[in-house]
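Common to both upcoming complexes is chain A, partnered first by chain B, then by chain C.
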Partner chain A sequence: MQERNGWGYRATLAAVFVGLIVLPHVLSFSQKEVLVFLVINVLVVVSYRLLTLTGEWSLAHMVIVGVGAYASTLLAKRLGIPVPLAMPLGAVVAALTAYVLSFPLFRMKAFYFLIGSFAAGEVIRLCWKRFREPFGGPKGIKLVPSFPDIEIGFVDVSFFDPVNYYYFCLIVVTVSLVLLHRFEHSRIGLTFHAIHWQDKLAEAVGGDTRRYRTLAFVIASFFGGLAGALLAHYLGTVNPNQFDVEAMVYVLVWVIVGGTATIYGPVVGVVTLTVVNEIVLRELGMDQARPLLYGAILIASILFLPDGLESLGPKLKGAFARTRTQV
Partner chain B sequence: MLAVPVHRILNREPKDACPDGVRDDGNQGEKPMSQNLHQRKIGRRTFLGATVAGAAMAGGLAPARLSAANKTVKIGFLAPLTGPVSAWGLPGLYGCRIWAEQVNAAGGVRIGDDSYNVEFVSYDNEYATDKAKVGASQLVFDEGVKFIMMLGGDTWPGVQRISNESGMLVSTLLPSDLSPDTPNLIAPCEVHPIYNVTGVSWLADNMPELKTAVICAQDDALGRPSVATYLAAFEAHGIQSEDPVFFSLETTDFAPVMTKLLSSNPDILCLDTAYADFVHPLCEQAHQQGFKGKIISCTADYYEQIIEKTSKEFMEGFIFQFPDFDDPALNEPQINFAAPNEFYAEYIERWPDQWSAVSWEYASIMDLWVQGAQRAGSVEPQDVLAGMKQGGTGKHAFGEASWWGKELFGIDNALVGNWPVVVIENGKAVIKEYRSIPDWWSMHGNLLVKHFTEMGEMYHQRG
Partner chain C sequence: MTELLLQTCVNAVYAASFMALIAVGLMLIFGVMGVVNFAHGELFMLGAYCVVFVYADREFPFFLAVMIGLVFVGGLGILMERALFRPVRDNPLAGLIASIGLLLMLQAAIAMGFGVRMEHLPPPSQATFHLFGLDGVVVALQRLYVIVGAGIVLVSLWLFLRRTRFGWALRACAQDPEAAALQGISINGTARLAMFIAAAMAGVAGALAAPLVRTYPYMGHSVIVTAFIVTIVGGLGSLGGAVVAAILYGFVHTFVTTFSDGVVADIVGLLLMLFVLVLRPTGLLGVRERD
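Showing the complex of A and B:
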């Protein structure tokens, strides 16, 4: 990676941002819609990665995203709280839910935690299906209030337009990513890494591993819940099927294919697979072959890039250096 | 910079090319049908095209003269083409391909002063709300379609705002999507689940000795309103029903579900509107657990496979609502679906074992769309909607029908008339009778409202 304070790094970063700002203007309307969902999914996978830093993989993350979506929806629709306020409150509810879940879940580790998190997530999801009041039952909640349009003088911003909602999401997700990045590189974040690789040693030097795991779970859930709130108020509906195991499998696939060593690994994973699945294969008119080809791409990726797509850059760089040496 | 009023979005020119989605004008990359016709002997398709053209002319749908100058109208097909619900999407697209071939081969449709070839643009929504939203955006804003056909259900909420903002006319197979907030959504073919009352009514009249029933359904947008309908129909006809058994969409083992259902030794086993993936194992379980009574279900997609898994004897008398279109009863004079037997033969020849409940439905909706467009003299969505509802009636596949639904859905956007009762006899689906849904409603409508209310399915109770 380039030196973070170097001009090259800053120039790359600036180019990426300019690209992200220009991008929606070169896409078709439906591709802009895909872009909105993609930006939201970036927050989902990056928040999920924070939890994996402690070595725990949860199967409840999409349900937690759903908690944020449901909470924000109910706060806005039933209590009349303005959507811009309901969104962060929904994220707070998701974080609190994670905190409550952490008591039983962090009595387990590794595979047991994985299974436990699945069970906990299913309990929440089945509650949404079972209790029609207030969750709407299997059909969920429709006509979710959308993010309010802005009309000030000559400025008329409609969030029905995916470009405007994309910019809004981009701001929220960028700020979230910066916070998550800073957090990871703080003293607490480094402790997460220590717990992941040497949890007994971390305990031996006085680290409260359970507390740190809970902290990672709660913070990941806050940002996951925020992603859920962004989704709900754009889509206009929430229902339990949106946050089922299949959706969670997609998150796992994005993270695994992208890699978890760096913050941009999951981002590369979700962007690549979404572009392949939603744009390339559809553009090729391969609607019905998509699941098959998508699966093949996954297998190939795992076989040839076990450390994720994020390892592709260093590998290519190494191969290039070796070639130059031989020459 | 951010200000983009909705009207500017809606005035976007559609793309000329069609890289997104799948275009389908029935030609499938072959030479134009009109050219092929000159080069072939008279085959099944030629015969079918000629038959349909004749039938269309006789029905007042005068085809345009064969002309290279035909305009093209794009119709969106937004349904699950992959995944567990694809049985109610993909077969419908196949049916539309045959429909488009027939219509375009006959010179297109004459609407106002213009002749149009019909081109379908499909988008696989995977029965997911977000995919449905993206698909609707593509069809409306990128492709410039004039009408969208959907399965509906969980996918409709993702499309609702786009339809409301753009004025796009959308059809659903599930009228439980209808509400006063959906002025551009119509249910012009299948008034699911209301037509299920005809099966129960027929059963009660023909097998009055059957007095007890049990119902099971998946707990979702399809299952619940259907349960309310069956409960109302059973009550209306003096059949005592137990509390319904709901199972989750994730269910794979149906043994305990069936054990619970059969514990009361019922005369009738009602499978509600279960997906094909559920109907098959439920029937297998009922067979294995020795059920001897009658089975009634909304659908029996791929019933030949169920017979293979159980037995012809076990499936004898299975009552459901969706005929095979080779049934002679579909040639009765009141039927508006053109050349149904030939349509079925063509379908089965090209996609063997793929006939399902929806194979003909989307094509039938297209017949109604053509009627509406011709009445309006325009292909614009709001004009077609007005044309379809003109006079309050329409030519439904199974006969003349009326626009209805205010009491149940809050809006008269469902086309309701007769519906067939189908029974499996000697391993083959047979139409036993057409029964009138409005007649049943006029006698027992209050029961339907009662059970819809108890199930929380009335339009004002949803969401």
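Showing the complex of A and C:
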């Protein structure tokens, strides 16, 4: 940790950024599209991690992402609000939804919370499916307004091009990650950690655990909703099946395989598994085997690596140090 | 109108009996091992695919296929206990997540082996009965199989739990594993037994219902959602509660489906569960949780 402000840390960070900027230019078109989804998914998993920090595992997060997507879409399409404004408004709607849901849900804990959040999410999702007006029913909403082109003098940036949309998402997601990171290391964020490890003790020293849990849920949902809005205006279509339990299971896999102790864990998880998915399965033409592989990875990581991939670094370092002292 | 009401009641009894088979098994696993088995719907699906493979493809008798489904899925249950749930016994969340992993694997394996389209099963019998001497009230023999099968299984489970030493051991483990172990009861052996019974029940339910429901690799999803609703409404850890809740939910869901539509019935069921969770988290017949 003392290296945080050192040159090594800064150099690594700079190298990662240069890499991220150059990256889309060495990929094929379909890989560029995957890259856009990957960047959006990073925001989904990191926001989900904030929620798990308070010790509760929600199964409604993908539906909240969907609320952001639907809200932003409807605001842009029905009310004619410009897309760049509709996106944050969609995120606000997702946060408000989470606030309302927090009243019944935070009466529950542990397993009951898990199931309760699942039920609440399914109710919302089934409403999208049932009510054609305004949600479009099972087929959802098509022709979602896309992000407007930017024209400044000679420069004309079209966001139909995945590379440009990727840069846009990269900026939004990076800013979000920095905000989430700062938030976690603020006084409130430290209280989250306290609630995670010792909720009775945290309450005894004057922390209102319910309020902090609600706050974590609302903030996580805001950024989740933002990710949903980014997704909707890129894909051009939203439908209830995008946000079903299967999608939620993939989020769980990414977060668990990566680990939740630090903000890097889920990012490592989603990046690793997406790369594995793209390189191994798509190149081999075994797309159907994806759930098989994901299931096996999930089971293996629960049994053998319960703290996720992020724990691998320190573990290896420890093993290395031990062999050196033995010598 | 009377005919429609009576017919709906008959349908509700069918729905309730097949839900009870699944929910009671789910509850048994939770009671003995403290794990919520998310892959329970997939065990149901495997039971149905045993019938597809043995009865529809190989043309063996239907009831042989059902027995094979029972043994095969029950055996898989034993395997799950050993490979998934035993290593993570101290951590219920880990068991739940491991079962989600298994769910993905089973779905993909069946989808790759049989394809994702719906299977067409020739019904083993076309016979139907008129009940109460009314033309409008019909029950198919295939549905009677499910109702009678569920009745037999549930009654024998009840007798097993109340009247045999294995049953007592099982209930003792569910109440207090440590105290049970101190009395010389093998926790691993009991967990294996509970897992076999629960998985076999799901397998039988799937096998019996296979010609009646839409059989496809993702059929487990709606089943597990229903089973969760029933277990929560009935109260976690209470087998009697699961049966009562299965009957209640069977009637509510069938009536709402008949008089409105299926999606609304699902919404009503989920809201019912949410209300129970908020107002009475221990369920209708649940016992207060020990701290």
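As a convention for this text, the second predicted complex is superposed on the first by the 320 of 327 C-alpha atoms of A that agree within 3 Å, B and C clash if a C-alpha of one lies under 4 Å from a C-alpha of the other, contacts with A are read in each partner's own complex, and residues count from 1 in each chain.
Going forward, a residue touches a chain if its C-beta (ideal position, glycine included) is under 8 Å from a C-beta of that chain, and two chains touch if they have at least 3 such contacts.
In this text the structure is predicted, and so the values were computed from the model without any measurement.
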**Prompt:** Does the chain A-based superposition show chain B and chain C clashing or fitting?
**Reply:** clash
**Prompt:** If you stack the two complexes on chain A, which partner ends up touching A:V155: first (chain B), second (chain C), both, or neither?
**Reply:** first
**Item:** First (chain B), second (chain C), both or neither touched by A:Q288
**Value:** both
**Item:** Contacts of A:K129 with chain B and chain C, given as first, second, both or neither
**Value:** both
**Prompt:** Once the shared chain is lined up, is A:P306 touching chain B (first), chain C (second), both, or neither of them?
**Reply:** second
**Request:** Please work out whether A:T237 is in contact with chain B alone, chain C alone, both, or neither, and reply first, second, both or neither.
**Result:** first
**Asked** Touching A:F37 in the superposition: chain B (first), chain C (second), both, neither?
**Response** first
**Request:** Classify the contacts of A:V163 with the two partner chains as first (chain B alone), second (chain C alone), both, or neither.
**Result:** first
**Item:** Offending stretch of chain C which, after superposing on A, collides with chain B (from 24-32, 96-104, 114-122 or 150-158)
**Value:** 114-122
**Prompt:** Which residues form the common part of the chain A surface touched by chain B and by chain C?
**Reply:** 126, 129, 245, 288, 290-291
**Item:** Contact set on chain A toward chain C in their complex
**Value:** 57, 104, 107-108, 110-112, 114-116, 118-120, 122-123, 126-127, 129-130, 245, 249, 252-253, 256, 288-292, 294-299, 302-303, 306
**Sites on chain C touched by chain A in the complex** = 36, 84, 87-88, 91-94, 96-98, 100-109, 111-112, 221, 225, 228-229, 232, 236, 261, 263-264, 266-267, 270-271, 273-274, 277-278, 281
**Asked** What residues of chain B sit close enough to touch chain A in their complex?
**Response** 2-6, 9, 12, 15, 19-23, 81-83, 90, 122-124, 128-130, 133-135, 137-138, 141-142, 154, 157-158, 160-161, 165, 181, 219-221, 223-224, 248-250, 456, 462-463
**Request:** Write out the stretch or stretches of chain A touching chain B in their complex.
**Result:** 28-30, 32-34, 37, 126, 129, 132, 136-143, 146, 154-158, 160-164, 167, 231, 235-237, 239, 241-242, 244-245, 278, 282-283, 285, 287-288, 290-291
